[in-house]
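Quick heads-up: structures coming right below.
Note that chain A is present in both complexes that follow, paired respectively with chain B and with chain C.
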Partner chain A sequence: MSVVEYDIVVIGAGVAGLTAGARLAEHGYRVALVTTGEPTACLSTGCIDLCANGARPLYAARELPREHPLHLVSDTDIAEAFGRFLEVMRERGRVYTGSLEHNRCVLSALGTLKTTCLTPAGMAASPQSDNEVIRIITFSGLKDFYPKYILSRFAHASFSSYDAGASTTMGIASRLERDEYLEAFIVWLEKLDIRENKIGLPAVLGMKNTAEVIRRIESRLERPVFEIPTLPPSMPGRRLFNDLKDHFRNKGGDIFWSWPVVGVEKAGGLIEAVFTRTEGKPNSLNARAFVLATGSFVGGGLTATRQTITENVFDLPVHVPSGREGWFDEDYFSPDHRIGKVGVCVDSSFRPEHSHWENIFVCGGILAHAQILKNGCGHGLSLATGYAAAGSCAEYLK
Partner chain B sequence: MNFEHCIRCTICVENCPVFRVNPDFPGPKQAGPDAERFRSHREKTVDDWVLLCSQCKRCEMSCPCGVEPAQIILRAQQRYGMEHPYSPAHLLFANNYYLSGLGSLTAPLANRIAATATGKKIFNAMGIATTIPFPKFSFRTLKKQKKVRGRSVRKVAFFYGCFINFYRPDIGRKIIQILSALNVDVVLPPQWCCGLPALGNGNLTLARSFALKNAASLADYIDAGYDILYSCTSCGLCLLEDYQEILEIPQAKKIAEHSYDLHEYILKIINDDDIQLEFGQVGRKLAYHIPCHLRALKIGYPAAKLMRRIPGLTCEILDDACCGLSGSYGFKKSNEGTARQLGERAVLLIQKTGAEAIVADCGSCRMQLSGHSGMPAFDPAEILFESLGLEQKNRAKK
Partner chain C sequence: MIKTDVIIIGGGATGCGIARDLALRGVPHCLIEKGDYAAGATGACHGLLHSGGRYVVSDPVAAKECYDENLILRRIGEKCVEKTGGLFVRLPGDSKRYREKFLRSCEEIGIPTEVLSATRALELVPNLNPEIEEAIRVPDCSIDPFRLCMLNMRTSELKGGLSFTRHRVIKIIQSRGRCIGVQATDAATGEILEIHANIIVNASGAWTNLVAKLAGCEVPLTLSKGSLVITNHRLTDMVINRLRPSSDGDIIVPNEAVCLAGTTSQAVEDPDKIRIEPSEADVIITEAGKMIPHFNQTRIIRAFSGVRPLLQSSKTDSREISRGFQIIDHQNGMYSIVGGKLTTFRLMAEKMVDTIMNAFNLKRECETAEKPLDGQEELSGYPLSKRLADMKNIVCECELVSRADVERIIQQTSTRHVGDIQHRTRLGMGPCQGGFCTFRALGIMQDHSILTPDESMQALRDFLQRRFRGIRQALWGDQLREEQLVEYIYLGILAMERKK
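Entry: the complex of A and B
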């Protein structure tokens, strides 16, 4: 058997897992991160929500129901987690805009304005009201992006379409990172003689060097350019994931890909090791502490059957609203489906409640009562709880 | 996990290097799980684009649901291969083992012919690309190496693979010396091509015949108390994964249970026997290109862990880019553009690190990357050899 020793094993490569992992690695611990695949963060818009129920995110977060997991994180820790995130992103050339004091708007591909807290550089110039005068540029053949949705909600919007020779977000994004393509695109834009105040494009402005692509377009067109998040493949989500991943690795963390945890070794009140499925000899990672950041259903942290809902790695107790009929609302589009409350309850040190494991720390979307869709707290919850759970874990290992 | 587990999130598509540059390839989601629904065994396959998949396995590494698109596609490739005549290039590369044997026997002549303009013309006419130079045949193959045997407790049978045997036996000899220095007995068991080139060229029958011979030989050594060691990550992945899944070799499970990557094994014995290795200074700045198949082995990056202990060495890990060659894949005229574009991108990322040399476990990655960059490319074992001062010790002995 191949046994590898670490101080901490983080399970899950999403925003929570990478944030917790990086913080622990910064403390000097040997951290391994295992993941089944790439996280749902890759499918996200790259925006960081904290709480979308109002104009002031931190204030709104404090108004959330008492059991919401954001209440486990102090104001100072939230500020530190966000501050550290902004700093890390800035170091990597990805400047985020926004603060804990004011929510911002981002234009969606449906033409609606969505509330969020921090926006990536590409969306800094996103319109803040539907009165703004904007020109939408789309790419011929691009699936799932129809500017007319936006036009129907904006009084002063028009659109043009460019043939980039590719019809997928990835294909266009990788082309726009090449000088000759970008130049041809800019020349075409210049010929349009755009009079509108801002130019909006689907989020395809480069896979990595978005800031540079935007800077070049803006300097020639002399007006702000903004990206509109698309359905997956979502470039802004991928950029966020790549940056967090590189940061974690730069701090000395090791990543094990395609490493679903299928078994656990326990002794007394401690988890000692996790195993993965392999073709031959069992592959296990030993550690003194484990951070569980596997997300909820789509992320792979929870599985629902007809009768019950289980946590997939440690089989921790899961908070489930009683009676299956109580899981869902009558209205399909309701943000208040109670299944959004399902998850693992934790105490103030982020250890799972109603279980005797001393060395498991839980963070991110798997936490009970989060109701991410209803409260608009995705990514922000992961950042805050990932940061705080790492603090608690470091305290335990001291 | 079968194709029904696909939730169509497109994360695999985002990770597919071929999809990024070749619009003819529909991507792993469509070529894998999506198309699988329509594949009927009563009808002849017509999808020649399945051959465009390079089998890098990045889709499998990134799938959050554990679906294995590359394997679905690999099966489709075998079927296509059986139902259609082979192109000359496919036939040649499937039989690379025999060809290389011939090449090594006539090394001085074969190397000279391969480098001439006429030689290149002949290759091109057969559908073989000559963007990067062919590796040079070595007359003194590793097979001809005399056996090293002592009385150590640890015994390994070294599956060196075709690349080391025919092109770089010097690396093989260095590996044997490293292991001897760690008091490990090394034997070179009778062995043939692992079968991967045949699989990659749609020749299931040939792959199976190679695999059966290897399996019988390796199983004998395992019964005699040997562990199997591989240093080529693609051979390793084939032994561990394809022998069980695709080729259905009877002894496959036993082989998988007893096979180790070279560096994984070194780490294991350092750990088990508490060996204090004296790593000497290596004043190099390296970029460690992680071969796709090393990721797919799910053992982490053991060579990186070893190199981290070497004083004076800086080594940046790069695992976002596929080199594009994928063994014989990139040598085919039809994949030349794909391989070149991916190679250039990988080289760009390497150059950004400011490294002076490349390090990679896979011979074909090294060939491609140094071919495109002009930089020297090392096997991690060579760096280890240098650090352990075995060169000097050799000289001292003489």
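Entry: the complex of A and C
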């Protein structure tokens, strides 16, 4: 068995894990992050939602039910977490727009306005009401984007279709990264003689150099351009993941990609190591503290069996509000499916409740009572709790 | 007793290729194989028709041979070559200097390359490790070695060539210092068959030295065992190579519904006594997993080994030994042909038969590079890759339904119900239960102005509600996981309103 020593091992490469990992690495700790693969963040819109239940995200978050995990994070910590995030993204050339004071809207591919807190650069100009005068550009053959959904809700919208020679978001994004291809596209756009105030496109404007692609289109067409998030594979989600990942690495963190945790070494009230399996031999990652950020069901942090629901790494107690028949309401569109409350309960220091482990800190979508879809609190919850759990972990390691 | 001009010992790609070449040049021959065709290293390899990229830095001559043969086989063997294309992927930490050498050498030799961004590579092969720095596209292909051997033998058969499988050569008959024939035992009956000829070609791969010894000769070989694993899924539509000097587990080849990954390289003594070490499978899976992370989770359905007969040299690492080939004239009417690789089997056969023609003082040019392989007209080719190639616009990935299929039903029935399309195409009947494709089918109906967007939104809402009635009873494990993802997409990313 090979043994590697770290101060902290973070499990999970989503927004929560990467935020916690980066903060701990900034404190000078040696941090390893293990992940089974791409996080669900790659499927996301790249927007940071804190709480969509009102016009003011932080205020709305404070109105959430008492047991909601956002109440474990102080206003100061939320402000710091968001401030740090904005700063990191700005350094990387991805300027996010928005603040904790006001929610914003992002136009969805169904033509609805989705409420969120921070929006990535490509969505800064997204319409804030359905009165806006917009031109939608679509790509013929793109199978996950149908502009008429949007037209039905926007009285002053029209669309044009470009033949990109590719039918996937990834395919078009990779082409738009090539200069001559982008130039041909812009020339085509210029010929359309667009009179509308803004130009909206599915989120395919490159992968690495989105800001540059947008800047070029905007300067030539002389009007703002915005991206509309699409079904996965989502370019904005992947960009967010890449930036957080690169930032974590720049701070000195190590990522062990495709390393599922298969076992745990315990001693008394402490976790001493997690085992992974690779190169045909067991590997032991020893650390003084562990951050669990494996997400909920989609992320792979929780597994439902016919009988119950379990946490997959440390077998922590899981809050399950009812038997299986009660996990889902009959109405698909019910905001109160009880499955949304399932997760790990933590105390004010983000240690799991009803367990005696001193050195596990839990954050992100795996937390109980989050009801992420109902409350519109996805990445914001991960950012805030990841940041705060890292603070608590650093306090413990002092 | 049978009399012929040339006896070929060994029914691997080389032996079968020699039989075809002799047949096309009108030379009577007889092939003897102790098992079935392609039973040795030929059938126990990747099935990779090299572009030459793998060898371009270490052995430019072999690389050039590979590329030339690659072009020929794609032309003459349409039904046993799948034109997948290949990528050499560079992972973080892989040498940039090797990349430069690779590109320079390819250019010198004439192997076409295209440098692709990570994004573009991920578009082509979505299962690739998203951490890759970049990829270089080369014309690698997948080849069916079994079919290749059978088609080569078909020509031999059509021209009156003889062949005996499951016959083991037990004796090489000599007279006045010359080899004049062989005796072979029929594995089924134990009967002994005697064949006489003027020339004997020993093309028995890893068994070459054992056969040569029957005639009192020696062929010093290094036997190198290579192991591979097969997955139960086709995880990539292109050949994937690691952009670094040859090492364990750096090639993944798609073949119909599965993928093969390998190889290892270990010197062995006896080609009949090989076993796969558990650590070999682990190393292959781990290394392949670095290029396609799914390898770590995918079902491995089998591991197998082949033995490469490499020319002996002073180099200790068997990977360093040339993959070139050599014809040895034993000066007694017997020739041994050793080394080489599946990709260059035709060239090896050509050179061997040139030598034979010389010995017979006959003049007839080789035609194997021009004539398509016989018997291909009866074969279907690659059904899966054909289907995939026709399906550029798949809207239902679970059931492989294309946009054209949906449009055809819309035109035939003018239906306003997405359910009618589902029943007629199987759209939405797979694992995601319409979670992704119903949105698309309704979008296509909008495009054809069958439904207004409002109607299609309502239809989508009704569909999700109806679908949930059935799914709700089965929500645990991976189905619950998938359901949560679908919910996340519609209610989260698409911000679908809950009530209207």
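By definition in this document, the second predicted complex is superposed on the first by the 396 of 398 C-alpha atoms of A that agree within 3 Å, B and C clash if a C-alpha of one lies under 4 Å from a C-alpha of the other, contacts with A are read in each partner's own complex, and residues count from 1 in each chain.
Heads up, the rule we're going with is that contacts are C-beta pairs under 8 Å (C-beta built on N, C-alpha and C of every residue); 3 or more make two chains touch, one makes a residue touch a chain.
Being a predicted model, the structure only gives us computed values, none of them experimental.
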{"item": "Joint occupancy of chain A by chain B and chain C, clash or fit", "value": "clash"}
{"item": "First, second, both or neither for A:V298, with chain B first and chain C second", "value": "both"}
{"item": "Partner chain(s) touched by A:D179 [first = chain B, second = chain C, both, neither]", "value": "neither"}
{"item": "Touched partner set for A:N283, first chain B, second chain C, both or neither", "value": "first"}
{"item": "Partner chain(s) touched by A:L43 [first = chain B, second = chain C, both, neither]", "value": "both"}
{"item": "Which superposed partner A:P232 touches (first chain B, second chain C, both, neither)", "value": "both"}
{"item": "First, second, both or neither for A:E222, with chain B first and chain C second", "value": "neither"}
{"item": "Greater chain A contact set [chain C / chain B]", "value": "C"}
{"item": "Touching partner for A:M170 - first (chain B), second (chain C), both, neither", "value": "both"}
{"item": "Which superposed partner A:D254 touches (first chain B, second chain C, both, neither)", "value": "first"}
{"item": "Segment of chain B intruding into chain C (one of 171-179, 261-269, 279-287 or 333-341)", "value": "333-341"}
{"item": "Doubly contacted residues of chain A, that is, touched by chain B and again by chain C", "value": "36-38, 40, 42-43, 166, 168, 170-171, 174, 232-233, 238, 257-258, 260, 278-281, 298, 300"}
{"item": "Of all residues in chain A, those that touch chain B in their complex", "value": "2-5, 32, 36-40, 42-43, 166, 168, 170-171, 174, 232-233, 238, 242, 249, 254-260, 276, 278-281, 283, 298-300"}
{"item": "Parts of chain A lying in touch with chain C, wherever the complex brings them together", "value": "36-38, 40, 42-45, 108-115, 141, 143-146, 148-149, 151-153, 166-168, 170-171, 173-175, 177, 206-208, 229-234, 238, 257-258, 260, 278-281, 296-298, 300, 303-306, 324, 327-328, 330-335, 339, 372-373, 378"}
{"item": "Chain A-touching residues of chain B, taken from the complex the two chains share", "value": "7, 9-11, 13-15, 19-21, 23, 60-66, 240-241, 244-245, 253, 255-260, 264, 267-268, 271, 295-296, 298-301, 304-305, 317, 320"}
{"item": "In the complex with chain A, residue positions of chain C that touch it", "value": "116-120, 122-123, 126, 129-131, 278-279, 281-283, 285-286, 289-290, 293, 296-297, 392-395, 403, 436, 439-440, 442-444, 446-447, 452-454, 456-457, 461, 464-465, 467-469, 472, 475-477, 480-481, 484-485, 487-489, 491-499"}
